[in-house]
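One chain, subunit A, appears in both complexes that follow, with subunit B as partner in the first and subunit C in the second.
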Partner chain A sequence: MSTQVHATVTEADVEQISAELGEPDWLTETRLEAFEALEALPMPSVIRTPGRDWTNLDALDYEELVDPLEWAEEKDRVEAEGVEVLSWAEALEDHGDLIEDHFGSVVDPQRDYLTALSTALFGAGTVVYVPEGVDAEDVKIRTTMNSRSLFNYTLVVAEKSSSVTILERQHTGEPVEGDQYYSGVVEVTAGENATVQYGALQNLAEDTYNFSIKRGHADTYGTINWIEGNLGSRLTKTSVETRLLGDGSESKIVGAFFGHDDQHFDLASRVWHEGEHTTADLVTRGVLDDTARSVYEGVQDVGEDAWDTNSYQRENTLMLSDDSEADASPKLIINNHDTEASHSATVGQVDQDDLFYMTSRGVDEESATNMLVEGFFVPVLEEVEVDELREDLDALVLERLGI
Partner chain B sequence: MATLEINSLHAKVAEEGGERILEGVDLTVESGEIHALMGPNGSGKSTTAKIIAGHPAYEVTDGDVLLHLDSEEYDEEIPEDLQTWDLLDLEPNERAALGIFLGFQYPAEIEGVTMVNFLRTALNAKLEGREELFENDEEAEAEDDEEAGYDTSPMEGAADEGEVSVAEFQQLLKEKMEQLDMDESFAERYLNVGFSGGEKKQNEVLQAAILEPEIAVLDEIDSGLDIDRLQDVSKGINSLRDDQGTGVLQITHYQRILDYVEPDHVHVMLDGQIAQSGGPELAEKLEDEGYDWVREQVYEAA
Partner chain C sequence: MSSDNDLESTDTEARFEFKKEEKSAYEAEVGLTEETVRKISDDKDEPDWMLQRRLRALEQYKEMPMPTDWPGQPDLSEVNVDEIIPYIRPDIETRGGEDDWDDLPDEIQDTFDKLGIPEAEQQALSGVGAQYESEIVYQNMQEQWEEKGVVFMDMDKAVQEHPELVREHFMTKAVPPSDNKFAALHGAVWSGGSFVYIPEGVTVQMPIQAYFRMNSEGMGQFEHTLIIAEENSEVHYIEGCSAPQYARHNLHSGGVEVFVKEGAHVQYSTVQNWSKNTYNLNTKRAIAEADGRMEWISGSMGSKATMLYPSTILKGPGASDNHITIAFAGEGQDIDTGAKVYHNAPNTKSTIESKSIAKDGGRTNYRGLVHIANGAKGSQTNVECDALMFDNESTSDTMPYMEIQDNEVDVAHEATVGKIGDEDIFYLQSRGLDDDDAKQMIVAGFIEPITEELPIEYAVELNRLIELEMEGSLG
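And then the complex of A and B:
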């Protein structure tokens, strides 16, 4: 690796973090193994389009950014009836076995350099445990980042025939001098016939580098629906993924982003059809202004045994300025012919005929453009079942438009 | 009373070496009049319409497009120096504020923006835009002083949502939709999205009815309409003229709509110019005999 973060972080630091959280030995070991593996691990693969690597993760000065012992956050966890929403220390005490069963089972703790770094150093953590048969709405996890770096880990376990709606928010509290680093790992397990809707709205300060991986496993007739809104950060590297392992399982991945100034978004939505009769729907819409850049990759991977698959993907990026840049790479990999699938991606500017139609009715160009942008996000907002998330996302879009 | 006056209008496609389309159009439309503009495809009818409204795809190389207003337009006293406007100097939304309306041949489909939201925004923008155009600097200053003088203005509250409130607007929209025999559910649908060809045209007439233009230019409002809808749309156009005193410039290929919307004047456009003008009988003759005889007459005379 060109950048060696562990020049400033030691094994003793990892042990100290683990000890402070009162972790069992297996977990301390897992952290130490991840720490040792750093040297050999590659950076997360970035999205490439012909002739271009959009994101250079090696260029970041992790040594400068990462200060794992001095982490500070404010956590607001809102429980719903029947669901346990626990801090990491509480969860370890009450559900040690559950955590041991699931930790690292969905996201490989050593998936890549940045994930392993998160495994070794995370201090903030939340466990959402939804017991069998429980229906719960409005679980909320709000994270306010108050330090140079913050490593956040979330585990969601939804047992058989349960359902839960979770809303996660990240934003920055007290301003910290210099650049910041946020790293978030989310693992979701949806048991047989369980439904998890996980909505995340990232609005971190715009001098924050944000690395995020969210991944779920859906069992038979299980459903995992993701919503991911990205408005904040200077650079975001994120991937939202579902493995449809069980027969009849489903997943929807809905994304929305709005970049301005020199923000950079590297966004992926990925689904693997592995069981039979599975369904996936990937929908992302984004807007870019000023010199912002985005690159999107959507992957629909249909396995050999995935008979009777339905898989759909569409991505649209709207550019408001001549200096913004965007590209998209929708990928459809089909290894079973019994598949109905579609994929499309568009990148374009505001339609001049749409604009003229509106201005000719009396609306000035700026207001007309704002209406078009707000309207552009509507198909995505309509997919959001959580009122608070939809309203917050809409409010952030309006705020960015200056309305 | 308002008059739209087009003098010797020459225009081309706005790009280097762009095709010349208009070769000197002269046309005058007054409030309360209905003009039919006919002519073969490619003669410049739609281009004329778009230039009146300010479409950026065309460049005017010569001539002018003027709007003359009465001293008592919009129920307000208009000083003499603000009675004539050179539309070519104005943005499309400013032209709309003065009372120009273009009904599109192919209305845009705008996803995520409801009819009711768009139309109320447009109506308020039009009223506001008009105020700005007629507000001279002294008045603006006086108004600022006045506002500073009061802690709370009686207009406060309404200012945020515009001159026409949501409730008022919904009532207005409901009435106009009933008149045009449009289903109420259209109000909450996205602008023209998933509308049939006929519904889109009906929607154009509805928008005109709400914005109450001085001059409405309707580009092939009759194409793609079945007979029932043609009657609804015609009723809407007649009502614009009869109830609001709008002057209508109606571009059409067919005599058919003229049976329902009787024109005072009929013009034939050929090769970027008005080649012939007359009364309703001219439209009938065109229906029977086509455009060839006009062409022959024009080129014989030349």
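And then the complex of A and C:
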């Protein structure tokens, strides 16, 4: 597959993208190194069981999808007081050193083939810089994809004792003929006692292949909370990850998805407990209709030095259709015994007793089912502290239900 | 069970760790070649079809790579099949096993005496088979069962005496050699094991037991167990295994195939206590027809590394499966075990209960797969895994996989990991127990929900082994 990419992407393209953003040499080098590494890098890992791959990434046809120089988007950035929300060109000019310190420090640019491709080719993106002590709410980044492929890179740096809430929405604008490819990398650094809440709502057109990696490092008493909503795209391969490096750090990963038609969602929530007294809570709920398929991997990894760890994970999937498939693998990797960890996962259909009760009260079956599906998402919606994101997510769920 | 008292008084060394002088009538050369496979088949005077199956399995074995890409799998780099002695026939006269312990050579008789097998036979078993190295040396069953048509014999003998049944079921439908590298190895060099046939409607009231003992250094044991339970029959099969500790690695790669016909009920219990230089890499699979019921009970205490995932294919409507797994990993042990269940028919049910304990740097992993196929409407599965950790050197992992292709199902998985509570220990100590006794009591309490479901003989043996393990006196 890597040869395919080389057929459409050249080193000159990478250099041109870099030059257009007016990048310093170190970043151009990082891109070129990632580009060179492509050939040797594996695809992002997918779960395999005897005779089955849960997601087939090799079926992606990059020849068709990647058009590195012709990228177009609309970006709507809403700033909050005290926070800088910048394009890459602006950010590199104003905060060159800060970016050099943090770029690629959380997400390894050569983590896998698709991440390296994203690093080499990103043109779109945003840098959010929250200086020490600043409390900010409601930074909003809306990305409208208007081209065949779009590589987006978001870097969030929250300094000591700062806090910020960031909402990111991705959707498709002008229809583009044929399949599309969206690739997003999000790096978050939460400094000592800093809090970052990052909510993302992905509602790309359903002929879009979507790859995303979101990863954060939490320092002492730092908190990183993720909210991940997936409704759009044809195939999504995404991982949301937090390394709890500092003592007393915390992370919550809340996920919601609703697949229909032949959508395929491969979703992962992963947390590494590395400091002492850390806490993690992973909650995902999803609904599947038609022939949609979900693949979920949750990882709670407790390191040897992670004394006094608390780690919890819940995943629930509701299947509305007989032809959908839900695969799940919640994993516990525990290397310190001073741990309280649990996980649970369920898969099932709409509760028949509930349905019977409601139809016996005169609600028709379809409305009753819709209400139960909406209700199914409530425990996840309640975890979403940001009103706008909760309302948007709820609205998209209702839209999908045809209400 | 009165032998419990004997177990208390028997010291561990004498019970499991004793070694006998290596005496054999035939010993294959070290390593694995076509020549070796032909010699094994020839020494057993096998029909040509079995030789052909062995040779084909050998080919498959050679073609397959070692499993190395499972996430977090035990290290198998020291497993060198070319250094293992695949086949040792002990020096006994009667092939297929004596039916009187007194007819066995003294050292073999003494071995099984120490393991308490003859005593258990008298008290609580319908039949006993005992394997020493590669061959069954003792085989006996109460007459009443023989009269009802129950067959319990050495697998090698079954090849000769029940060729149709064996030919149809042996490594064809349940565990084909192509399943995995060690199943292929097993197919090439298998020897010994049990053949069990329960005719329609017969319920064998007391369990039958097979005991497998490796005595020689650096050997591989590859016994094959084939159980066919005809419609509405019922049987409980218990296997036990042990070996003394040597410097060189031993390899155990058994194959177990169970056919649960309509309405039949098979319970398969294993107490695995291989020495801590043994690699234990087994393939066990059952196929359950309509309303059939399969139960796997596995206690994994021994071995250096275990990779064992007893599996059940729920093929007929209403079939059910129940897994109970207890794993205990101490110093230097990596016990990677779990369950696999395929729901391929409507209204099938499975429950998996796993309890694991990691101590002194040992690692346990629950690795399990539940697959519900499209069309398996009304199926239910419930998986519960609990792990207890003693110290910070140990590791406890849980890796379940669920593949759900039908929506009219009820799927639930739960897992917890925790440490032995300081407060609990403190409480017990304040009541006069010492630290060790307190921990032992907590472990007993931890696994009690499982042990109380077990047959009494099994529960007693398991508890005793766990106590020994807790004392650190094994291995």
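Note that the second predicted complex is superposed on the first by the 396 of 403 C-alpha atoms of A that agree within 3 Å, B and C clash if a C-alpha of one lies under 4 Å from a C-alpha of the other, contacts with A are read in each partner's own complex, and residues count from 1 in each chain.
Everything below uses one rule, namely that a residue touches a chain if its C-beta (ideal position, glycine included) is under 8 Å from a C-beta of that chain, and two chains touch if they have at least 3 such contacts.
Quick caveat: nothing in here was measured; it's all calculated off a predicted structure.
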| item | value |
| --- | --- |
| First (subunit B), second (subunit C), both or neither touched by A:Asp322 | second |
| Per-residue contact with subunit A, leading partner among subunit C and subunit B | C |
| Which of subunit B and subunit C A:Glu304 touches, first, second, both or neither | second |
| Touching partner for A:Ala341 - first (subunit B), second (subunit C), both, neither | second |
| List of subunit B residues in touch with subunit A within their complex | 53-57, 91-93, 95-97, 100-102, 104, 107-108, 110-113, 117-118, 121-123, 125-126, 129, 190, 207, 211 |
| Subunit A-touching residues of subunit C, taken from the complex the two chains share | 69, 71-72, 358, 369, 371, 374, 387, 389-392, 394-420 |
| Residue numbers on subunit A that touch subunit C, as the complex places them | 47-50, 52, 304, 317, 319-349 |
| Interface residues, subunit A side, partner subunit B - complex | 351-354, 356-365, 367-368, 371-372, 374-379 |
